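Below is one structure; the comments refer to it alone.
Here the chain labels run A, B, C and D in written order, and each chain numbers its own residues starting at 1.
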Amino acid sequence: MIIVMKRSATDDNIDHAAQQVEKLGLKANVLRGAERTVIAAIGDERVEGVRSLESAPGVDEVMSVLAPYKLASREAHSTTSVVEAGSLSVGGNQIGMIAGPCGVESEEQLMTAARAVKAAGATALRGGAYKPRTSPYSFQGMKTEGLKLLAAAREETGLAIVTEVVAPEDVDLVGEYADVLQIGARNMQNYRLLEACGRSHRAVLLKRGASATLDEMLLAAEYILDGGNSKVMLCERGVRTFESHTRFTLPLATVPYLQEKTHLPVVIDPSHGTGHTSLVPAMCRAAIAAGADGLIVEVHPDPENAKSDGYQSLTCEAFEKVMAECRRVAAAVDRTL
Amino acid sequence: MIIVMKRSATDDNIDHAAQQVEKLGLKANVLRGAERTVIAAIGDERVEGVRSLESAPGVDEVMSVLAPYKLASREAHSTTSVVEAGSLSVGGNQIGMIAGPCGVESEEQLMTAARAVKAAGATALRGGAYKPRTSPYSFQGMKTEGLKLLAAAREETGLAIVTEVVAPEDVDLVGEYADVLQIGARNMQNYRLLEACGRSHRAVLLKRGASATLDEMLLAAEYILDGGNSKVMLCERGVRTFESHTRFTLPLATVPYLQEKTHLPVVIDPSHGTGHTSLVPAMCRAAIAAGADGLIVEVHPDPENAKSDGYQSLTCEAFEKVMAECRRVAAAVDRTL
Amino acid sequence: MIIVMKRSATDDNIDHAAQQVEKLGLKANVLRGAERTVIAAIGDERVEGVRSLESAPGVDEVMSVLAPYKLASREAHSTTSVVEAGSLSVGGNQIGMIAGPCGVESEEQLMTAARAVKAAGATALRGGAYKPRTSPYSFQGMKTEGLKLLAAAREETGLAIVTEVVAPEDVDLVGEYADVLQIGARNMQNYRLLEACGRSHRAVLLKRGASATLDEMLLAAEYILDGGNSKVMLCERGVRTFESHTRFTLPLATVPYLQEKTHLPVVIDPSHGTGHTSLVPAMCRAAIAAGADGLIVEVHPDPENAKSDGYQSLTCEAFEKVMAECRRVAAAVDRTL
Amino acid sequence: MIIVMKRSATDDNIDHAAQQVEKLGLKANVLRGAERTVIAAIGDERVEGVRSLESAPGVDEVMSVLAPYKLASREAHSTTSVVEAGSLSVGGNQIGMIAGPCGVESEEQLMTAARAVKAAGATALRGGAYKPRTSPYSFQGMKTEGLKLLAAAREETGLAIVTEVVAPEDVDLVGEYADVLQIGARNMQNYRLLEACGRSHRAVLLKRGASATLDEMLLAAEYILDGGNSKVMLCERGVRTFESHTRFTLPLATVPYLQEKTHLPVVIDPSHGTGHTSLVPAMCRAAIAAGADGLIVEVHPDPENAKSDGYQSLTCEAFEKVMAECRRVAAAVDRTL
């Protein structure tokens, strides 16, 4: 940690700040420059109250040197972790392909989608039974009934089930039916939920919050890992920016960046990442070329009548075409799909 | 709702889209322009699946006309609602002033802060017993013990207690001790929590998510109102932008905008909104001049040793000075403090 | 254009707004809904003063229906335009690969880079002679001497020269030496410069401003096209967002979006788009998979001693490897490189 | 400057990085921690090529310690500079109030506005003769004729003239008629224009770019100061964020932040900062309460027929009311208006 003193800092200020650093259990190196003095604090800076040092007299800024996460870091585990959950494997040479409708709406809708994505080569089925919705007046999901339909779809197709869990009290129930617990973007910093997922034996797909930094996402993963669950996949689903031609801005540089910093595998969601069906195929191909370990894509048999997210869903036919394109790109980066 | 057709849309596409509109229970007016056809859909567009229309063939874009919230809207209640909770009143002529430490750390810390803010003229005491923290390794709050200290502080000072609740299962417990349930920025779209607060009889301070739109904040409030709790205050606490000299960017235009759109009172949080102690006084004054109904400010007896948020906390002495400044600005806009 | 009236709008307000619409030469269709009245204005809404309608009494909002650009639109030209400039071709089946140093620093530096990128398969050489720099104390470029070195590099390698022009008065001079005039992100809305490039016969590479919308970029292109120069390439180089692990956020969905809206070819700049050398190769591959028509990449023989942008430059060896990877991805999307 | 080495950095990497630091004329202090080594580079880090150090083997990150600007810094001049230009004074106890139409449209429009803002107490008249417009099809301003009308308005009212200059070749001409040269947000990094204004003897109002950091704005000011012109005012006019209920997001914390960092006076533009007339009055009051040295406000005699910016212009009557409100707030912060 580096403490930058103000130009106007007195010797007393500098001594005091150095003492505060030592009080935190770190070693203080005072370096006096022509314009500014800096204090380099050596030791594990991930201790309580470190940033409050900015309130000490004469201190201008406190800059971190160490990454704030540990278990999620690449140093903790030098090869990429492979997360396995039923038919789904993410992190190995084969790219995991999770596809299906935004929400479970009916047996027919779900089974049609499940059969189609299976036939096209998907390795897991997505579908929401609990839908966190911006408006209280929107479709909130089929809940337990939806979970049962998902389990029935697995029964028939063999596809692992990925479905969202929105509250800690639901983790056990959802875990009974699902292979992967999805934590949505709005819940990325719902710490009780993270802790509950940390106690589950189910794999977890953790989505990035719409304005979360990657450090914050890795710290959210750290909550799960620290709870004892090592089966965590990270999912980039786009961030909120000034751009409005897409619903969110999908930063694919997240893929190589995370691969440098963490051993957790990385999944891309081009459906939420763009918000428009017509932009999804290009982003599927690009994600694979960037090195993503998996994709999660919304597929609906009848998008224009979907209860949610129709505008960003592929039809079953379009998904089949996307799979064919993605297979070729995967081969070009020495991966399989 | 307006459906903009693509230039290339055929007559069949237009007919089909119009039929879809009618199927949703709306009346379709087809307007053919030189370059584009638009369909104006008349009726209550807040129905399920409306946006999925973008997937219909030949449709380019669907634009909303009506605000998506109802109970929170200014039309539902033409005067600003006054929320009362113990010594705190927000929404009337007097500006509510909520002050206190980020987290409850000890009896001494809390009581010192409580007495100081009371003496300076605050009308409520803030202090977190449950702390949602980015890192699992950070101080997570004193929990029940913290709640008890808060209640003791109310006992002595008479100040209403504002404290955060982070999970639906805690709402009853926190409500036993607190006068106002605070929903933090990270939980603004934790719908189970919103629903639980909707069933509570305690007043709620709802903070804006760091990248939530104001429509999304109003829809979050709608969940609480729709649950039966009308005592909702909205709190602007800054949004995440490219700016890094402040921790968040505090958009004070939120105040007049919300006053046009909703009857719910508006509170400003200049501590999180700037992230730096030295910027807080100016933003307190500005918030009042902009017409805010309340402020929530972090005050700590010893910021540089605070377990959290020291860098953005005022000392007790600084708070007293800020109060004096704010009283003058309040008078200049015909309010009291 | 759609004019949404306030709920409180009177009949007089509605009549007045409709008259204002007619005064602008548009036809007003008044549609009265249960909650709101909207006026659909039919005709070419790209007329002066249209948005000032929002100031008319009772008007809530004015929403555009038509794209504001014409010559740049896909409707104006249904196939993608191929821009040719010496050895460079962008927009056809072959992907244009523009590579070279950020700035021209010396004959040796430039020639080493030029020979290396030529050998690796680049189709054009980039290099700045005029450097717009954030600080007045930074290296400002070799100017005319730099232009001469670039021309000498073309002489030897046959590579087309892409170099930045920063002021209208330089357009002729730069055009004497260069094959492509690059307009940098900071100058995307320097209209005098756009107009001067519109009068040039040289091809133009127009970079997106760091917070420009795509409509604004297309309107900037429209200035050039409207001036008579049809040889315009658009370049996505990343936008400014809250993300700080990359210098800018590179939204590759720009590629399919622009391909829907415009006939102008699209080039991606993964160097500025990420700001870190280690992230560049993945973004090169992803850009090609997304369908980009060209890439512009910073390559420097000795990045750690570069006068500018060393942190995001590839070495000559790294570039050769990237080219090999990109060739495979290009083949997977039926393009050549 | 702090160089953070990667965990995997070898002793050779560390030695090499330290040598590179010394080569730049700085003194290298190598500090070995448990997890990471950092090199603190002491000396003036504002030298060429510093950031390219990130390309040296084993280097993870380079962090600046010193502000990149010098002449603009508060250290260079400990009291706020007062900029005087005819009737306008900005930076002293009196708040400068610049008001008038977005663009000069006619003699009648300008004179009506000029008389009204003068009567209401404005100390300068704004009005654009050269209009940088997003679309080539929009009103581009009356140019020289507009300048003449502005000079005539000064003749009659005595108000100093603030008007935009969009190109270096216009600086002399505009300076003949105007008292203050305005550099618009889109030109904040048009360095030729900054340099030309640096050579002028006219005062300059420099607007923040819509996605410029405050360091970038101060470096833009540095270009002007370094050119010999010390009469620079900084203007916050809102930044581009995900928020869409306002056209830009107006961060008033810019005021106290800049007052800490620079001696240049700070002006707020609530018209562009909000983009909606109804939000302007509250932001005028808030800006003054925050400590702004001046305001620049769009006022038009007939906003709904304005050729540009009608949606964010106050009528003459509304401006008079805003002035009365602002005077009271100014008094509450011990300023005059």
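Annotations
Operating definition for what follows: a contact is a pair of C-beta atoms (placed from the backbone, for glycine too) under 8 Å apart; a residue touches a chain by one contact, two chains touch by 3 or more.
Every value quoted in this text rests on a predicted model; they were computed, and no experiment measured them.
Of the two chain pairs considered here, B-D and B-C, the higher C-beta contact count falls to B-D. Compared with chain C, the chain whose C-alpha mean position is the greatest distance off is B.
If you average the CA atoms of chain B and of chain C, the two centres end up 38 Å from each other. The centroid of the Cα atoms in chain B and the matching centroid in chain D are 30 Å apart. Taken residue by residue, chain D touches two or more other chains at 211, 239-242, 244, whereas all remaining positions touch fewer.
Within the complex, the chain C residues that touch chain D are 20, 46, 48-49, 51-56, 62, 68-69, 132-139, 166-169, 186-187, 189-192, 209-211, 216, 219, 222-223, 226, 239-240, 276-277, 303-311, 313. Partner chain A is touched in their complex by these residues of chain C: 211, 213-215, 239, 241-246, 249-253, 255-257, 260, 273-274, 278-279, 281-283, 285-291, 325, 328-329, 331-333.
Of all the residues in chain B, the ones that touch chain C in their complex are 2, 4, 7, 29, 31-36, 38, 40, 42-44, 63, 65-66, 75, 240-242, 244.
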